[in-house]
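When the chains are written out, they are named A, B, C, D and E in that same order, and each has its own residue count from 1.
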Amino acid sequence: MCELSVKNLHVFRGERYLLKGLEFEVPRGVCLQVAGANGAGKTTLLRVMSGLLEPEALELRWRGGRVSPRDPEYHATLFYLGHDPPLKDDFSAVENVAFNVGIRRSVSRSDVRAALERVGAQRFADLPVRTLSAGQRRRVALAALRLSGTNLWLLDEPVTNLDLAGQSLVVSLIEEHLVHGGLVVAAIHQDLGLSLSRRFSLNVGTGEGLP
Amino acid sequence: MCELSVKNLHVFRGERYLLKGLEFEVPRGVCLQVAGANGAGKTTLLRVMSGLLEPEALELRWRGGRVSPRDPEYHATLFYLGHDPPLKDDFSAVENVAFNVGIRRSVSRSDVRAALERVGAQRFADLPVRTLSAGQRRRVALAALRLSGTNLWLLDEPVTNLDLAGQSLVVSLIEEHLVHGGLVVAAIHQDLGLSLSRRFSLNVGTGEGLP
Amino acid sequence: MSAQRTSTMTAVWLVLQRDLRLATRRPAQLIQPLAFFAVVTLLFPLGYTPELSKLRAVAPGVLWVGALLASMLALESLFREDAGDGTLEQFVVSGQPLVALMGAKTAAHWLLTGLPLTLMAPVLAIALGVSVAAMPGILLSLAIGTVSLSLLGAVGAGLTLGVRRGGVLLALLTLPLAVPVLIFGAKATELAIAGESLTGPLYLLGALAVLGVTLAPIAAAAAVRIGLE
Amino acid sequence: MSAQRTSTMTAVWLVLQRDLRLATRRPAQLIQPLAFFAVVTLLFPLGYTPELSKLRAVAPGVLWVGALLASMLALESLFREDAGDGTLEQFVVSGQPLVALMGAKTAAHWLLTGLPLTLMAPVLAIALGVSVAAMPGILLSLAIGTVSLSLLGAVGAGLTLGVRRGGVLLALLTLPLAVPVLIFGAKATELAIAGESLTGPLYLLGALAVLGVTLAPIAAAAAVRIGLE
Amino acid sequence: MNWAWFHRLGSPPHIYRIAGTLTPWFAWLAGLLIIVALYSGLVLAPPDYQQGDGFRILYVHAPSAWLAVMIYGVMASAAAIGLIWRMKIGHAVAASCAGVGAWFTVVSLVTGMLWGKPMWGTYWVWDPRLTAQLILLFLYLGYLGLRAGFDDLSRADRASAVLAIVGFINIPVIRYSVEWWNSIHQAPSVMKMARPSMPIDMLAPLLMMLLGFTLYFAAVLLVRLRAEILRRERTASWIREVLR
């Protein structure tokens, strides 16, 4: 029995079924890399799975039971990171991460600093994020990921704007999470070189899941 | 004598010199790939070169003469594409490109359609761009590039959000432009496999240009 | 890493604290609604008449219309900014009840707008020729009335999230709904200026506020979910 | 591909046309400033008194404050949206004189806001008890006055680009500048209602508009450049 | 409890068919009633001893004023059904109501204003009923504006449903407060819409007119609803069968 399973997913957008009868399962310790051309529906899939978008139909199972994608209990176990990093321009990196994680679980300032150091953001941890470059902001957003203590990560193009070091950072964050039994569903265009046993890939847009 | 030369570029941002005494030259038919870690100053460099950001000091030469980066004559020969595609959500792709190019040079609807087809955007050319995915929007923005008929392209991470086909599209757009004697200055993290003779790379942030 | 889940109370407190802290980062913004209130109130005599006796008669209307517009303008930013940078999405998927978080945001809006407007009103009232004796009544009625305005505004702001250029639409949605607050508030102020008892309209204002506190956050949460899709 | 460069005239026309076309994409937005104007005008009787004889006395002030606020709210979106999606940056590097493009945007704003507000004013004036004889004067003074408001607003909108939560700040910047317009406009309206000659204030309004047309686009262009950095 | 009947009732093809059958009935009945009412109201009823023939505008004014309020109620209830039971047909009904309701409001306002000029010497007074009616118009406009602001139908549906419900809760409060506002101020004596004890030959046409207008509303609603259903279900297979 897989930890996460999606069945019978239908999404209708602008005149047509974007996703029609999509089905897949993700066991523990696996990263499902969602592939597909631009406009195939990767972002849509991730938003549906995190309850931000209402699908026409969806059977979602999580840890064995049927859940609604809008259930707060389900939300408490997942972390969603969209196209743009969710940061307050006027807050420093530390404040942003402390808040983003804080509303989910209690966290100390030193944990926050450690997480920022892990993503290479210690140098600008106390600057207002409005003065950061695109890649630096992305790193700050990533810091919340590991700290959140959630089991299921839903990542939409997490390597956008990152330099090469940043890209391997994302890979190692994901791999570490998988080793601890986490699940990742990520839309990533590049081949990031995750070890194959840990990566399934799903091609959306064709209406066929292939894990 | 190189077509474009930058000398003595100083940019001061938030307490420190971000770029200090940067110097480089770009001859015709060459793409200068600006490299550097996140936060090194790539975006800053491109914005300074297009006159959007006032540097502390800059000696800019273009086609042999000294120009100000705010000179409309200089602007008429360049095209700047920033982190986010400059598109009006309520307009279709065709309308957007027609306007973005139209304020620079006269262009016919059929040219616009041809350009959109070239970037693989014909399928959604008439939809309001607000309904497009991130990668589809990027493609629409790229269509204006070639049509603009400008000589100097300043591109900030032009492959962001693009799928693999989209990335090679950008490469071929650039290569085609270079063959026709154009100049490109682009901030790109990945190695896109431009033929080496056509690519210089500049590492910003160290204060040293190395073309 | 043991995941000690944040209680709803703590989350509410964090959101409230965050909004207040954000406001202090830009002190200029704290005074913006105030300054707008002042400018509108002072513009009116310019367009009307400088005579205090006449101004005193229109003072309740001017004060309340000014407070209403100032509160509403500040509302625009209440949700729009959080929506723009993805914070609201994080709220929705935070595992906390969205209704509670919306309540916290509304409370923050009142503390940052309604309360300062209330405290500012006596000064403007004096400029309009109102006597000092009327101040307690004016303070009280504005304090209660602005609570309802913040609550109504939160619903409107949530609803217009998904609409670009929603600013004017927000006003169009919210102002008609705010008519009762305006009427009872202006009436209370009028009675206060006339030196009469204002318990009647104050009770009504209070009833509106209670109704708002119970219903508005629910509507705002529903609105935000829809606005973000 | 021969690069036939677009003339400034054509570019201005394109910008104007684009803004008008954008507005027609959302017809609901076309009526929003109007509806807002109407709602604000409605608020005054509610906050003040239903007696037409008294309302007639405050009508000039109410109409002008309403028009001012409606014009200003619509302005917010004038630059903010273009700044948000990168269009303004493209304007700056387009090789066209930014002053001309700003002029075009301001003209579009007047056509979409000032003009409809003017045409709407007589209806509201009637609701405030103003007689039909006063309408030509009201129309004329608002038509001229709103030109100045659009121009001033463009400068204010440019200046607030770099500042978050610009809405209230924009109002703050623009309102004091708009005071002369408001005073002369309200005066002209008052004279029109009283059935007297209003050439005096009309000339002054005209002078303000001319001054604005010559200076405001330059200031707006400078403001936009700074705001975008 | 078995809700199947409820959902079948709300299924688009079912509604589409029923609406199609009912429309002509409503339309003919409405036409008949309105013609008879107009005839008896404009021709048969005696002129008012005070107002002469001017009062006859009442036959349009009063029914449209009543309907404007009633339609808001229908709209809010339908929207609530759509939001709570997730029945799309509820949203479709609400969307079809709004435009008609706004028009009836405008008609009542305009006829009232035209009537006010001869009666009160002015087009407008701030009487509570008039003011409340004006606010109702703004509520409709806000609703329509919000709908137009979304391009996604399902979002527009749900957002406007929330607004309709909030507005519905507010309508009694607004009515009450407006009346209270004016009754405390001394009311100008000209603007009393005194309820004249109407003779039966004036009242009967009025009631007929009201029924006629209601049926007319029902007919228009059904036509709009069918259009709305077609728009929403354009990809469904049953549409192709129906249209063949």
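The rule is short, and it goes like this: a contact is a pair of C-beta atoms (placed from the backbone, for glycine too) under 8 Å apart; a residue touches a chain by one contact, two chains touch by 3 or more.
It should be emphasised that the depicted structure is a prediction, and the values quoted were computed from it without experimental measurement.
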Sort the other chains by how far their Cα centres are from that of subunit B and give me the top one.
E
Interface residue overlap between copies subunit A and subunit B, same or different (over half shared):
same
Which pairing of chains gives the most C-beta pairs in contact?
C-D
Centroid of subunit A to centroid of subunit B, CA atoms only: how many Å?
30
Provide the C-alpha centroid distance between subunit B and subunit C, rounded to the nearest whole angstrom.
45
Starting from the mean Cα coordinates of subunit A and subunit E, work out the distance between those two points in Å.
48
Multi-partner residues of subunit E (each touching 2 or more other chains):
135, 138, 141-142, 145, 149, 152, 178, 181
Residue numbers in subunit D touching 2 or more other chains?
26, 28, 32, 35, 39, 46, 49, 164
Junction residues of subunit B - those touching two or more other chains
89-90, 128, 131
Give every residue of subunit D touching subunit C within the complex, in rising order.
26, 28-29, 32-33, 35-36, 39-40, 43-44, 46-49, 54, 57-58, 60-62, 64-65, 68-70, 73-74, 76-77, 81, 164-165, 167-169, 171-172, 175-176, 179, 182-183, 185-186
State the interface residues of subunit A toward subunit C in the complex, per the touch definition above.
50-54, 70, 72-80, 82, 84-91, 95, 99-100, 102-106, 128, 149-150
Footprint of subunit C on subunit E - complex, ascending
83, 135, 138-139, 141-142, 145-146, 149-150, 152, 155, 158-159, 162-163, 165-167, 169-170, 173-174, 176-178, 180-181, 184
Mind listing the subunit D positions that touch subunit E in their complex?
26-28, 31-32, 35, 38-39, 42, 45-46, 49-52, 55, 126-127, 129
For subunit E, which residues are in contact with subunit D within the complex?
122-127, 131, 134-135, 138, 141-142, 144-145, 148-149, 178, 181-182, 185, 187-188
